[in-house]
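Below is one structure, written out as structure tokens; the observations come after it.
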Amino acid sequence: MFRHTDYMQFDVKPEKPDPVYARKLQELLGGAFGEMTVTMQYLMQGWNCRMKGKYKDLIMDIATEEIGHVEMIATMVARLLEGAPVTDSTANALGDPVVAAVLGGSDPTQAVFSGGGPRLADSNGVPWNAGYIVHSGNLLADFHANVTAEAQGRVQTARLWHMTDDPGVKDMLRFNLARDTYHQNLWLKAIEELKADGLEGTIAPDDLFDEEFSEHASTLWHLSDGADSDKGGWASGPTPDGKHEFKFLADPQPLGDRQSGPPPDPKLYATYDGAMGTPQKPKFGTEKGVMGKIKDVVDPDPTG
Amino acid sequence: MFRHTDYMQFDVKPEKPDPVYARKLQELLGGAFGEMTVTMQYLMQGWNCRMKGKYKDLIMDIATEEIGHVEMIATMVARLLEGAPVTDSTANALGDPVVAAVLGGSDPTQAVFSGGGPRLADSNGVPWNAGYIVHSGNLLADFHANVTAEAQGRVQTARLWHMTDDPGVKDMLRFNLARDTYHQNLWLKAIEELKADGLEGTIAPDDLFDEEFSEHASTLWHLSDGADSDKGGWASGPTPDGKHEFKFLADPQPLGDRQSGPPPDPKLYATYDGAMGTPQKPKFGTEKGVMGKIKDVVDPDPTG
Amino acid sequence: MFRHTDYMQFDVKPEKPDPVYARKLQELLGGAFGEMTVTMQYLMQGWNCRMKGKYKDLIMDIATEEIGHVEMIATMVARLLEGAPVTDSTANALGDPVVAAVLGGSDPTQAVFSGGGPRLADSNGVPWNAGYIVHSGNLLADFHANVTAEAQGRVQTARLWHMTDDPGVKDMLRFNLARDTYHQNLWLKAIEELKADGLEGTIAPDDLFDEEFSEHASTLWHLSDGADSDKGGWASGPTPDGKHEFKFLADPQPLGDRQSGPPPDPKLYATYDGAMGTPQKPKFGTEKGVMGKIKDVVDPDPTG
Amino acid sequence: MFRHTDYMQFDVKPEKPDPVYARKLQELLGGAFGEMTVTMQYLMQGWNCRMKGKYKDLIMDIATEEIGHVEMIATMVARLLEGAPVTDSTANALGDPVVAAVLGGSDPTQAVFSGGGPRLADSNGVPWNAGYIVHSGNLLADFHANVTAEAQGRVQTARLWHMTDDPGVKDMLRFNLARDTYHQNLWLKAIEELKADGLEGTIAPDDLFDEEFSEHASTLWHLSDGADSDKGGWASGPTPDGKHEFKFLADPQPLGDRQSGPPPDPKLYATYDGAMGTPQKPKFGTEKGVMGKIKDVVDPDPTG
Amino acid sequence: MFRHTDYMQFDVKPEKPDPVYARKLQELLGGAFGEMTVTMQYLMQGWNCRMKGKYKDLIMDIATEEIGHVEMIATMVARLLEGAPVTDSTANALGDPVVAAVLGGSDPTQAVFSGGGPRLADSNGVPWNAGYIVHSGNLLADFHANVTAEAQGRVQTARLWHMTDDPGVKDMLRFNLARDTYHQNLWLKAIEELKADGLEGTIAPDDLFDEEFSEHASTLWHLSDGADSDKGGWASGPTPDGKHEFKFLADPQPLGDRQSGPPPDPKLYATYDGAMGTPQKPKFGTEKGVMGKIKDVVDPDPTG
Amino acid sequence: MFRHTDYMQFDVKPEKPDPVYARKLQELLGGAFGEMTVTMQYLMQGWNCRMKGKYKDLIMDIATEEIGHVEMIATMVARLLEGAPVTDSTANALGDPVVAAVLGGSDPTQAVFSGGGPRLADSNGVPWNAGYIVHSGNLLADFHANVTAEAQGRVQTARLWHMTDDPGVKDMLRFNLARDTYHQNLWLKAIEELKADGLEGTIAPDDLFDEEFSEHASTLWHLSDGADSDKGGWASGPTPDGKHEFKFLADPQPLGDRQSGPPPDPKLYATYDGAMGTPQKPKFGTEKGVMGKIKDVVDPDPTG
């Protein structure tokens, strides 16, 4: 259960409205790496966590913080839109090229849909969707996703930092940059701790190494003709997980069979010359369980 | 420019068709962390790379490999669908609960749309979209995204490993698991190398640390009431970037002003009682450049 | 800013897992009228509100409650998935038609993507997106949207009520049904209060009535041939806003001109026989503002 | 079955083209509350209606009208695009800031994709999708959705009204505003009539009130710290449905158990320390029906 | 403007309900090549047509017919869902494997969202979106799209034909198949007529042939290693447009420069070693128009 | 399996950067008919092809070529963005209307998300999705889709041709135009060859003509009131498939029954007055197969 206070985590006080910047800032609200993404990624990870204790509690602390960041960016967008000349007619706007430029750089739905406020969308007006988030339950894989989200988020924030001179906006971004720095450190530390606690290793998931074809677990297939891909540390020497030696395969050849589709069901009307014969049937699991036993008795020929 | 050989990177030879598994395997083809995602993520990163040499060449090697993985999974899905009982009428299907179960576990569009073949979609039939990928040009942030994609991909592959007994399918997955292990090691190594080469640091991007509010760059805000979030290594001690000391803020208070929208433009019909007055106008950049100079001469009162 | 407690708003205690129901329940989590929709609809409305006081405070109270409902449904889905037979191979599953039916009725991404947990998606696995929500700033229009969301949500909850016998699930739904009843009453009351406070009328927005063509503001155009559309209260008598008399137009005729596209730009290659001549140019707003004044001086012929 | 006349429901005659406004007007065509949404919402509701007679006939009358509104807006967008300077090169466009501003405020796909015509998309170019509509079959819930669509639609139309001076465009909007007023009155009246006819009550659906926990059907949980949410009519007094008394819960406490995920399936590789034990199995419905009877005989131990 | 009659274009009378088939049939309603797609593709093409007369009138005839097909399929889906056992609890359903199989093959949103009716979505529940349609204004390109839609639609209908034994459903499909046959013939004929009327040629658009590099307008680049791509009629002989000779390029070599990104803006934090220098500035169109003239006078150094 | 060379298929050398054009060109990269669409459409068609030999080899040749076109457009977009003034603050930008116009015509995500590079999205920033492609396995239907894609693609390329003066950009487009011409000829020829080889006829699929209602396979239903739809070659004379005579139905009447939904399940709460009685149950396929036999013995009354 959540509680809310009207006071924000940090000041959101633009010195003056700037409707062009209000559009750009949408990227931090509803873009792929905006605050909405980290909010829902962390909430779903926290709720999906299968251990009580420090990891789950940590995730929920940060998730709860991030909802407050959505609040901050949404508020900043609204305040930057104060008094925007969006209800000018085109004729009026084009009479003044400065106003015209403002309109050209604005998101029309901020006016028409939201009444001068933010959308839950990116800087092109594409609505946020849950395809942006991940919560696999494997904390190693998920914490890498969290480092990524914070790193991409800080890169985007830094880019937006250079697109404004407004001291109030820059103050808020100073806070956001710092939190993104902290959160990167945090998730990197949490990855270390997962290993120290013996819960995960270097590679996610920490299993099936005996099953995988180990000869394919260390080799760079040189499939593009750039001359330098063997110049990096990934072409020789030990791998970060300490289990393999990096190798470079300069002229890789296909190891597999020839690509083709199977013979088609004629009732599906794939174009077919019959050269591959007729399809085999799938062999279902009728050999096991109560159904198999009954079928053996009642209907011995399952293809009949 | 690309070239293609009909022979696949590795064998794709299911022992027998299995249309139920064919649906599940779609997740590795067109899901958020399937082969299509890594293909386009790496291609766009490679093309967007701003340095010639080992990093760009590496990315293009792996990107080119991944298109071949899309090919392998697409082929496996088609072969698993050979002879699927999809053109049975419902009456026929429900007469045999094994066939009925096959239909219930199948993706109808694999038959109706693709004629017994794969879709470029996830295991629920949601089409792949480019919102899944990232290519920021910042290689540190992007390589973290790549570790994430390979880690999530291997977790999903391992889960699917347990959902089949087919030795041919398992052989292909043995190869995929190995490549996912290798690629995790690879991108982790490349992150190390970026730092060793002095191109990036620990935190992305490696700048604006003097600008950000450093007092907010190291503190865990305890906003959820779980008792253990201060039990981890992230609550005290040095941060991974070596620049801060982790701190724990047990009872954080809001530092910001009170949340509110600005006074609205009456022509936008937001509900308003007038208590906050009328909106101020944005102050545009008319003070600089040729337009400002001209306006000063021709029309000294810009608010007129 | 938000705070979170690990204890949920209400008990989420299924008596036993039920993976088939876990898929259906996704509709209340990430469907168009699930808890995620009301959460973000209300949060965005609250942040976008242009008046301090009771309306804004009310919206934020309910919005904060709804995040807790997302938490409840997400937790219920996870608990219903406990021990689901998702890692059975097809062969094993089809050996037992009960297990086969479970798999056919399951969402594969709950296993492969989330590791046995919820997705932020609907019951078909379509990710939640922000196109489901509205926050216009006009509280009358928005509160109608809120009544709708709660009404549709309660209808869906009632349907799902009949799809389970589990007493623990039914207990949680008893709570959800009650909250949906209450919230419908709440937003209906808030609509009354908006009018009582003189902030809005019956029709949104409460303006431009003098501008609109009043003769078209009350007439039912009978364009489908059902015999009974004039049998309702909407065919005669006063309108709910008290400003019009309902009328019925039994045989409506088009009042407009003939539909056609304008003559095309030849460089856009629309197929065209030239019969409508060449396109006129748009007339931009050059008559006003500093640019117009300058252009008049420097370049008197704007079409040159 | 439908018939079409080339003459439109109302005149669509812009005095002059205005490509910047043509982009904004897309919101009324393919936006979340544009004419496409009401068209398909009403058509699907009408076809899904379970009663012959006045309600179904009414819905089909209005649905059929709305297709004609899609036609009007699509035509207006095309006519506003006549002669737009979209095939100017950038160099030419930037030589004249008025043309440059037009391009900046234009949707490039109106030229490149549609050849100077409308898209079935919103004002940011996001394609219309069916996630915007609802048709539950519960007419009370659906008519509330219809009031919402008309209210939001009229709000957006009113906003767009102020963004043009063109007398022809304004004339068409005068018609649209009037229809939106009428349709709001209409659906409000239809809600009254549903109740008068005894088909629905105030709350949707009109059932399960005995099942829901009535103590939770009337209480405002004060979860945000704004001071005024108890100042409204929703904090005390009778509810609109006449069945409850509004109450205010000033300091709500969680009533539920502690949030957690269940123990995971080890084959799904969620990170887990084993502290919650191993998962229980779901208990399927084997106790009933023919399968249960057969299993009891053939395979008495279902867990074997 | 449109009119509607309650009587459908053809009988929609299933002999008995079949909820499993009701899900599959959704593909013809809201799938990429379902009736909704052709409806909106043809309506938008018709409204976007730039010539009065036979082509426009034809498109509007067919478009109007197709809305009636959406009506037919939507009605068939609803009727197939009559009495579906969707409100059974899982325990009840799994007690009877036939009911269980029905649920596994059903779309849960048809019950929970639509109350036992169709969605405007495909057979996996993915909502229809306007990205499926095209209306370029170039009738040759658009009529090819129409042939495609009817061909793909008839293929899907034929596949679905084999999935039912219901004589009533088959009767409706007999009608749909016939219309798809007719419409394919129709659009093929219309393509012939465009050429006969001298409006379009074989290639869309019928222009810029002198500008394009004609040496690249006829050659098959053999980039995949299949041995037979030169065995077809496309490897030699005249092209269908009569303007070229097909050629086969057995060992194509890249003709272009080396792929690379340009030097980055340092404020965007792309990883960069500086080796490619600093970015050049774009050269805007300042040489032309009133702005250029003014700038020359006021601010002779535009880079200052 | 694929290989890549860093050298591109053709030169990609803009004379100078042009960030406004870089946005427009996105349509050819990630739009519905951009290079990404043909790449994945052809790859999926090739992998899904059910015959070895010339058709499959041809498709793979062209598919492999198209990946190289994605590479070319992505590179061109990046190079056009060199030195774009995207990191100017709004104040600076609006001081110079030329810079302001550039920003208004730019895609903000090209800077904030991609660091000055392309997105895999259209010119409005809508991400590419796999709903744009088709691969039915029926080569006749698919080759029509391919003609369509190349025709629409060439139309869009021709439109973009007129929007730039840059000789380097125009050179690349000269190549693209030529390839689009060639590919249209190619797929048209391949359609002829399918027929010559006896694999497909004129109508897709080449079956069920005896089943379809032939009286409905040739008639134009005149449902819109344009006077000229019977003036085309499609109103009389032989059809392209040589099997029918075109006919014109001037005043078509509905042939079907009255549209209505079936009686609803009361537990789904559709509004219902009971007039149509209670729903019949679906009749499942229990009459056939092993289950039917068993049920007859164990539980002779299936409705019990």
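A, B, C, D, E and F label the chains in the order they appear, each numbered from 1.
Quick note on the criterion: contacts are C-beta pairs under 8 Å (C-beta built on N, C-alpha and C of every residue); 3 or more make two chains touch, one makes a residue touch a chain.
This one's a predicted model, so the numbers in the text were calculated from it and none came from an experiment.
Student: Which of A-F, C-F or D-F has the same interface as A-E, meaning more than half of the contact pairs match by residue number?
Tutor: Comparing each option in A-F, C-F or D-F with A-E, the repeat is C-F.
Student: Name the chain pair with more contacting C-beta pairs, choosing from A-C and C-F.
Tutor: Between C-F and A-C, contacts are more numerous in A-C.
Student: Measuring centre to centre with CA averages, how many angstrom lie between chain B and chain D?
Tutor: Centre-to-centre distance between chain B and chain D: 28 Å.
Student: Could you state the distance in Å from the CA-based centre of chain B to that of chain F?
Tutor: Computed from C-alpha means, the inter-chain centre distance equals 25 Å.
Student: So what's the Cα centroid distance for chain E and chain F, whole Å?
Tutor: One centre to the other, that is 3 Å.
Student: Touching at least two other chains at once: which residues of chain E meet that condition?
Tutor: 1-9, 18, 32-33, 47-48, 52-53, 55-56, 60, 63-64, 68, 71, 75, 78, 86-87, 89-94, 97-98, 100-105, 111, 113, 115-117, 121, 124-127, 129, 131, 134, 136-138, 140, 155-156, 158-159, 162, 204-205, 207, 223-224, 226, 254, 256, 259-264, 267-270, 284-286, 289-291, 294
Student: Which of line, ring, star, complete or other matches the graph of chains that touch?
Tutor: Shape = complete; every chain linked to every other.
Student: Taking the touch rule as given, give the residues of chain E at its contact with chain A in the complex, in rising order.
Tutor: Interface residues on the chain E side: 155, 158-159, 162, 267-269.
Student: Considering only the defined contacts, which chain F positions touch chain D in the complex?
Tutor: Its residues touching chain D are 18, 20-21, 23-24, 27, 31-33, 97-98, 100-105, 122-126, 155-156, 159-160, 162-166, 223-226, 254, 256, 259-264, 268-273, 275-276, 291, 294-295, 298-299.
Student: Applying the document's contact rule, which stretches of chain D touch chain F when the two form their complex?
Tutor: 1-6, 47-53, 55-56, 86-94, 97, 100-101, 103-105, 107-109, 111-113, 115, 121, 124-127, 136-140, 194, 199-200, 204-205, 207, 289-290, 293-294
Student: Could you list, by residue number, the parts of chain C that touch chain A in their complex?
Tutor: The contact residues of chain C facing chain A are 1-9, 30, 40, 43-44, 47-48, 60, 63-64, 67-68, 70-71, 74-75, 78, 89-97, 113-121, 127-131, 133-138, 283-292.
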